[in-house]
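Chain IDs A, B and C follow the sequence of writing; residue 1 opens each chain.
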Amino acid sequence: MGYYLRLWWHWARLSLGRESLFRGNAWLRLIGHALWLGTAWAFFAALYLHVPAIAGWRPAEVWLLIAVNELAQLLYSMFVGQGVLWIPDLIWQGELDSILLKPAAPLFTLSVGRMRLYNAPSLALPLALGGYALHTLGLQPSWGQWFWFGLLLALGVAARYALTLTVVSLAFWVTRVYAMPALLAELFRLAGYPEGIFRGAMRALFTWGVPVLVVANFPTTALLGRAGWQPGAEAALAVGFWCVVALALWRAGLRRYTAVGG
Amino acid sequence: MSAITVRHLHKTYRAPLREPGLRASLRHLVAPRYRTVVALRDVSFTIAPGEAVGYLGPNGAGKTTTLKILAGVLYPDAGQVEVLGFVPWQGRSAFKKRMAFVMGRKGQLWWDLPALDLFHLFREMYQVPAATFRRRLDDLAARFRVTDLLTVPVRNLSLGERMKLELIAALLHGPQVLFLDEPTLGLDVMAQHEIRDLLRAYVREEGLTLLMASHYMRDVEAICERVILLDEGRIRFDGPLTELKTRFAPHREVTVTFAAPPPSAPAAGWLVGREGPRFRWRVPRQEVPRLLQELTTRYEVDDLSVQEPALEDVLRQIFTTDAPASAPPAPGG
Amino acid sequence: MSWRPYFTTARLALREAATYRLNHFLSFVVAVVPLIALLLLWNTLLGPQQRLAGFTRGEMLTYFILTRWLYEFTGPVVWWDIAYEIREGDLIFHLLRPEWYSGYHFALIIGSKLPYALVGLAVAAPFALSVGVGWVWPPGVAAWAAFALSVVLAVALAYQFTFLSSLTAFWLEDNKAMNLLMDFVVPLAAGALLPLDVFPSAVATALRALPFAQLLYFPALVYLGRVDPGGWWAGVAQQVGWLVALLVINGWVWRRGLRRFRAVGG
């Protein structure tokens, strides 16, 4: 365990070192995230001019939701998102070899090998919006709620990771399907819509099939004090299921790669 | 005990047959058709610890496939392999820590960062004690004359400098077995020469077991005593470099410039060229002394040379003519 | 001037695009995903008889599905090929040929997007008509004609924005800043995020005055029959006006850029 922690630390330093060469990009990314959050806000703010609530969600609750969603997206892209997306390229270019030759677990190296820690300043945006939303709602979540929130947020990031790994592992069999990760990214954008609009089969689909609700809605309900055990259990089950699928597919893919060669 | 043992290694690939057109691609989705490519057939050899072996063969002969199997990134279809007592494809980290594989066409350094940053990561990955790492790095950097380049972003380095750093990256954890695949690919002649010399010295002094695939015969001539010749997945020759030449190139080329055009030239081997007073013969090796004696005693000679064919030519001949090794080469060929 | 080479270019681009069929199919699925959420959202927000900002649920959903499809053609982008050719100096090959550079890339864009749009239409139409969207048709033949004309002009106008934003490669080192503009600001101003009527009236009035509203919002309103025949001509006149203005601006920027390109030596 200490081995992987130390390796992680080295990868983080390398990523920072590399990104510090492109400082200008950090500013553009900050602007990009601000625009992204601003667009989501503008969308709902315009709707709230005409309706008092959306599927039972009041404005400040939706601000909290889009803040949590942005937070989850950022954490995902900072730590594992880029690394996972790098896998298809390595497979298609036959460059996985140099990673397989190393004594560290290949999936670990691939996942943490492309961190984007320079997105950290962008975290200020959702934190500010989320803080503003909590203040407007007059909410002061307890430590227990914060803990529950943190746990659900981690599950949300894990859900996205597992699903993306599943999709990129298909690259071992299918060549050059660039649109697959894009499809997934588009699906996870739905995470910013309030849970109430997903009903019946749709709710099941977006909890279990593509665990989009797990990403932002479940953690948000924890802060709003609405979460019982159900979202936690659902999230844990959905994430567990997709982790099993992702790892099975990854292993099978790796076996195929080592049988066929790059 | 041998460092590398390969017994009856067999490997085939299935390459999808893709035809153009919409209908063909739909059919491929439903019932893909494949053609079988045999990469290795019944390949066996052993390499002793500290031995440096050149692995030669034309493109597609199966060289890289063999190296990948030995390094553990490919499974064979059949056959046994042991490297340092490990079965490579089991992927034990104890095995990975004792070998290294350098591919001339694929680098692992990061473009934007100095190599040193990545070396520190590798130290952690291979769990090399800090003091050992320091000592090895100083030694390697001094040997390869790159001490000043360790802190320069890789993209600012020349191809040759980059290759040296790639080699250092592979050697830092002190591997006992080194696999090289075309280590001098794309380098200019000077850089090729330098890297060859450095490798030879390092491999000999450290007693590394080396298996090197290369297109450049000079790489092999400079570094290896023994060669394995692979053609269409089969071993065609395995033995000392000198024997390869004796076996496959039993001739020497003798060139003479006579002081005065001789009334009749001596009969020896095959006359392959004649320009005025300059004659060229291809002569069986054992006849060379007799010819030389005849030339120097019976004629007035201005210039005389005897050339051993370059390994490059020997191989080209083996792989292109596909003739039995004992047949005489075609005159003028 | 002959149009043949540009048709040929478009046909080549179409053929090339068609070789990545699976990707195109998937990118279409990608484009449908946000519609699912919008469908769910508007079903929650509006009952069959309710209106929001003057739109019924059917009009609203028709607006989103239609604009999603239209924006593929009428949404300006930084065209990667132009930016690449300028930065890498490959532009020189085009300068050596008797070629209208802007027209060449217009043909490429249309050709590469056509299969995507056709697949989109083939799959979206049954989807839109079947899931209880309450699909709205234009009120008559004249409205269809006005819609078609406004779309043609919008495509032409969008390309002028695409060309202008790509020409910034003469001066900017990368596309990132321009991309932000094209990904966030322009769609909002064009009405791709929401019909402009949903915004506060001051904002909506300001956005309607910008050229971007002519790319998407105006054609969509014509389609929905929310513009009267007098408004058609006013809108089309605006489109033509902006088009002429941008052609002049682009001509000027192109000449300035070329001067810079030739000075630097590519």
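In this section, contacts are C-beta pairs under 8 Å (C-beta built on N, C-alpha and C of every residue); 3 or more make two chains touch, one makes a residue touch a chain.
Source: prediction; values computed, not measured.
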item: Centroid-based (C-alpha) most distant chain relative to chain C; value: B
item: Identifier of the chain whose CA centre is least distant from the whole-structure CA centre; value: A
item: Distance from chain B to chain A - Cα centre to Cα centre, in angstrom; value: 47
item: Distance from the mean Cα position of chain C to that of chain B, given in whole angstrom; value: 56
item: Whole-Å gap separating chain A and chain C, where each centre is the average of the chain's CA atoms; value: 30
item: Shared interface positions of chain A, touching two or more other chains; value: none
item: Residue ranges of chain C in contact with chain A within the complex; value: 20, 22-23, 26-27, 29-31, 33-34, 36-37, 40-41, 43-45, 52-53, 176-177, 180, 183-185, 188, 193-194, 198-200
item: Residues on chain A engaged by chain C in the complex (per definition of touch); value: 25, 28, 31-32, 35-36, 38-39, 42-43, 46-47, 49-51, 54-55, 176-180, 182-183, 186-187, 189-190, 193, 196-199, 202
item: Chain A contact footprint on chain B (complex, rising order); value: 13-14, 65, 68, 71-75, 89, 91, 93, 96-97, 100-101, 103, 106, 108, 110, 112-113, 117-118, 120-121, 124-127, 153
item: In the complex, chain A residues that touch chain B; value: 3, 6-7, 10-11, 13-14, 17-18, 21, 95-98, 100-104, 258-261
